[in-house]
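Order as written gives the chain letters A, B, C and D; numbering starts at 1 within each chain.
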Amino acid sequence: MKKTARIREYGIQIGKLPRGEKNLITDVPGVKVGHVTLSREGLQTGVTAILPHDGNLFRDKVVAATHVINGFGKSIGLMQVDELGTLETPIVLTNTLNVGLAADGLVEYMLQQNPEIGVKTGTVNPVVCECNDAYLNDVRNRGVKQAHIKQAIEKASADFQEGAVGAGRGMSCYHLKGGIGSSSRVISLRDVDFTLGVLVLSNFGERGDLLVDGRKMGREIEECLQSQSFEKDKGSVIVVMATDAPVSDRQLKRILRRGVVGLARTGSYLGTGSGDVLVGFTNANRVQHFEEAPVVSQQVLNENLIDDFFRAMAEATEEAVLNSMVSAEAVTGIRQHHRETLAHYLTTLVE
Amino acid sequence: MKKTARIREYGIQIGKLPRGEKNLITDVPGVKVGHVTLSREGLQTGVTAILPHDGNLFRDKVVAATHVINGFGKSIGLMQVDELGTLETPIVLTNTLNVGLAADGLVEYMLQQNPEIGVKTGTVNPVVCECNDAYLNDVRNRGVKQAHIKQAIEKASADFQEGAVGAGRGMSCYHLKGGIGSSSRVISLRDVDFTLGVLVLSNFGERGDLLVDGRKMGREIEECLQSQSFEKDKGSVIVVMATDAPVSDRQLKRILRRGVVGLARTGSYLGTGSGDVLVGFTNANRVQHFEEAPVVSQQVLNENLIDDFFRAMAEATEEAVLNSMVSAEAVTGIRQHHRETLAHYLTTLVE
Amino acid sequence: MKKTARIREYGIQIGKLPRGEKNLITDVPGVKVGHVTLSREGLQTGVTAILPHDGNLFRDKVVAATHVINGFGKSIGLMQVDELGTLETPIVLTNTLNVGLAADGLVEYMLQQNPEIGVKTGTVNPVVCECNDAYLNDVRNRGVKQAHIKQAIEKASADFQEGAVGAGRGMSCYHLKGGIGSSSRVISLRDVDFTLGVLVLSNFGERGDLLVDGRKMGREIEECLQSQSFEKDKGSVIVVMATDAPVSDRQLKRILRRGVVGLARTGSYLGTGSGDVLVGFTNANRVQHFEEAPVVSQQVLNENLIDDFFRAMAEATEEAVLNSMVSAEAVTGIRQHHRETLAHYLTTLVE
Amino acid sequence: MKKTARIREYGIQIGKLPRGEKNLITDVPGVKVGHVTLSREGLQTGVTAILPHDGNLFRDKVVAATHVINGFGKSIGLMQVDELGTLETPIVLTNTLNVGLAADGLVEYMLQQNPEIGVKTGTVNPVVCECNDAYLNDVRNRGVKQAHIKQAIEKASADFQEGAVGAGRGMSCYHLKGGIGSSSRVISLRDVDFTLGVLVLSNFGERGDLLVDGRKMGREIEECLQSQSFEKDKGSVIVVMATDAPVSDRQLKRILRRGVVGLARTGSYLGTGSGDVLVGFTNANRVQHFEEAPVVSQQVLNENLIDDFFRAMAEATEEAVLNSMVSAEAVTGIRQHHRETLAHYLTTLVE
């Protein structure tokens, strides 16, 4: 796997909580990420799948929640996650016009794994989130097919690439190259360590607004280029959060709400055209599809101690966005549209 | 305590689940209800307090939730209940323009009980819900004073009156006399019995719409009177739900959402002027204000078995509304406004 | 078109507001409905499309809103409707596991109509709602293909069939045959008439609970059969509402919330397994995709007069559910599962 | 009126949009602000009232919305604002345990102005928001009385003080002195100028987290003091937004949601103990209490052009928080608790 520098290697420390070992969402034990990248000429897109644990997710669901910052987006499956507080499929990320085929591919995968769906038990709720990569990608072509979903799931691993890969292949962030980025934080509560990890699909922001840990990088770039971008924020960002801490669905939702802090600190003002959506889960709390006991026990966090999780969410989201940008290579796509990298400017612009 | 007939004594059986022993919200062990009734000339109002358990509620909070069917109302304290999933004061019911003084009275009571509030710990979230009894009551006078809150709390008991008492003194329901009503259901899950109880403050509906277990009672009344009421639904209804089943705040909220079924079956179409609000709690799940453990255990219901709680909520709400009406005596209040009783029509109109 | 009796022809009058001419959602001028019905052996399913007006819906959007009673469902596109208050595609109904392919078919149709999507402008938000017809239909087979969406849209007409057609082909309601039903009401405000129409895809309820205008029909059926059904409510219901009254998105949402009254009055207690979802629009308020003016004028309803719309929503929803049931023929599907009709019992059981 | 320096006078420019003439919420024509400040020994608190226009607000309501970032707070009246999309009283700010008495005072004021309330028409919805000033103020004493509300309203003016005044008297922000701050932005849409103004009651944040336009001021302060604060974020912040642009209630809510960007950029991670609440209104769209016309016309913003309002909200909120801090004098209150000013550190710490 090709290694690209991450934001810390530029001397930038986001926040004050300790990072997990890999500083990835997969620092949460059991979580895996898989990509399918489609890149040939105008087709610059793909699929990314996030798996909460190794088992059968339909039968052994994880407690989950969602939060919508700005609902100008086409993500699906969120309604049921909120109603029941559980996630029963991998989370699939792709481009906006491929949500339908991706959902069908995810359903197909789940049906193969679970012959009882639609026969002995009800149905399944696929969760597919999206951003619009139409600047670089021939999005009308709907290049992602059902089979890519299964491939992404089966390729999932605790090690995964960031940048212009998977669903991030064609994404733009602050009108530079965006895509997949990740980060994690460790929270110690009375000598027990928990991990909170974030993965973003970044595709939002206006160039002149970009902030890097307080530095007005966007303004510097525009001064350097002697041009001001008039592109609007029409992107979207998906933030996936994972933890191994025993939190309730309500607590998860509260933690997710702090992701906006990280987005704002990279320079976003949450433009109308950007569907900003968060999905989170804990694999420490499970719900059995065929549960027999009338009452089950759940561990939940002492809410008096939740602040470090809020801080972790804010920090990891900010760092994941920056990682998505510095890890990405430059991409030229449809109509010769091109996105330069943040890495380029970080190395050429002296502060 | 004067005994009035309840709807079952008219041969009317709502639903099919078994009732609790008293068919009251206080069938849930530990729950108590207290009234202060103010009745002299134009002053026809009062206070009702619902206590979830006998202990110190601020330190030993109950898991709780709310649901707003129609937010044209002035209830307070709901926002924090939803954010944190807990209730830390008794629930106080009163008339619409007395919410401020009632909240102050409830705060005063809580400060007396808890000298640490505002000094060693933060603040307290009073929950006060209301309906508008201005048809019978001189509501501009704000006759409920702070001291009445403490009195209602201290008078709380497992036995309590229904009808034109407490906060229900001046309320109207379907333009007949409304007020306080209650009912309960027993849910058996694999040989364990749980109780769900409902108390309503009923003050909603249009006369011609009244249904009694499917019978078009409102239409019969208007035919009997040879007059059609043109009063609109401007009332409101508050539904308080209690249970001893171990449910999460999300599950509580789902159960509360079924209260609307009971309201609809008594004839309401949820008029714009009626602020319809539900608050529920379980005293089987507690949250300690000064919790020290980082992680705490909570029992939650197997969601596959939640349907009987939904049915219980629908049935108990419908029956509680009818009980509030048949238990109420006729009241003449301000400007000689008068509300007749449903009992009167049930005994005079032959089906 | 085969004509089946509707609930009024059984002498049953739901509510008191006047009906529209056809007593269909298409009494709202401009609204059209189209079905594709798939029926051969185990395949008993289909597609229904509702078109808000005759023009290009993407460029000339209608003001819209949604309301989720119970989010245990897989409907898609609701998030953006709520964020922006607009609907930009026809509403497509189908079975639960076909949502992905139906969304893709709807996207394909929209791309054909609008070559600018994904090139000169952003993306499109397909709205697809679903119920689970797995009792009668081989749902795992995903028999609905992309092309069926275009067909349903192109077949749309102001005249359309109710019952076991389109998306309703395989649906069950109160464990009898359900499907597509419709009804409308006329609201007169100071000499101006407005129409509110409802179309339901009914697939909810437990047999013993069925109420027909207050009559405990479900109980009578079970007594007649000398058997009690132990099937749970696992269905779902989709309620689509249309009006030509100038209402805001917030007012639409308030009107939609009254749909639950109609559902409750047919006997539902809103079972956990039933994803109950409402989508509504007014074609009297439009939003132009390529709007140039900074400020646009919108007509909104005087909220003091909204009650008749609430009542119309409650009544039309109740009647549409009953129409879906009496209009439906009996269907035998996969595994020889069979659903009898309500019409059968209404004619054989003497009250 | 004593003039204090504001953040711009320290050479700090927040954002890029132009400011209004006074850089205050009262740049929105018709908006007025009034304070009552209570300051003697342990009593360090007060009231601030914001008036949307000069007329009778109950009869001539303004279109309004709310947004709750974190519901750990006791603000009242928000439910009805969201249901009906209107505000019918001034917005009153005070300390957390005085919400009840303040609501009663606001009701008293409204009853005096409107003799029809509770007689010929329904009731009134007081909006009172709060933060917890218990660190400096003897909050258990409930020093704010009903009469102070009327005083604050009657003293309201387009010129008003910021800092440790009114409801801000006892508030802390980032563990320095906080209180009342304001800022405004001008948005030009096709040659028409609109103003968006913000007023904050700031009482949130942890000292080490403070950011001033990207500068890690909190860290510098802690290094300077050679001590780290272990106080948690237990404050709350209220953000009031006013505009003269014709926006709908939904558009207002979307604009309000961008306030969090401003809070995050001053260093907040939205701590659990901080009830962060926003209320906004436009006085360009009115709703008449006694409206007679069935349909009324409303101007709404072309949503394609809403981004500048989002940016304005983010910028004005950030600047208002900083203004609240630099405008405030140091205060010593109950138990000799003391809060230093940000102005002190901005002038002593060289960047």
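Annotations
In this text, a residue touches a chain if its C-beta (ideal position, glycine included) is under 8 Å from a C-beta of that chain, and two chains touch if they have at least 3 such contacts.
Bear in mind the structure is a predicted one, so any value in this text is a computation, not a measurement.
Steps from chain A to chain D, taking the shortest chain of touch contacts, total 1. Of the two chain pairs examined here, A-C and B-C, the one linked by more C-beta pairs in contact is A-C. Averaging Cα atoms per chain gives one point for each, and the point farthest from that of chain D is the centre of C.
Here the spacing of chain A and chain B, counted between their Cα centres, is 44 Å.
Between chain A and chain C, the centres computed from C-alpha atoms are 34 Å apart. Distance between chain centres (mean CA atoms), chain B to chain C: 34 Å. For chain C, residues that reach two or more other chains under the stated contact definition are 70, 83-84, 254, 273, 303-304.
On chain A, the positions that touch chain C within their shared complex are 68, 70-80, 82-84, 96-97, 99-107, 111, 117-119, 122-126, 132, 134, 139-140, 142, 234, 273, 275, 277. Of all the residues in chain B, the ones that touch chain C in their complex are 16, 69-70, 208, 211, 214-216, 232-233, 254, 257-258, 260-261, 264-265, 268-273, 303-304, 306-307, 310-311, 313-315. On the side of chain B, the complex with chain A involves touching residues 83-85, 189-190, 192, 246, 248-250, 254, 287, 291-305.
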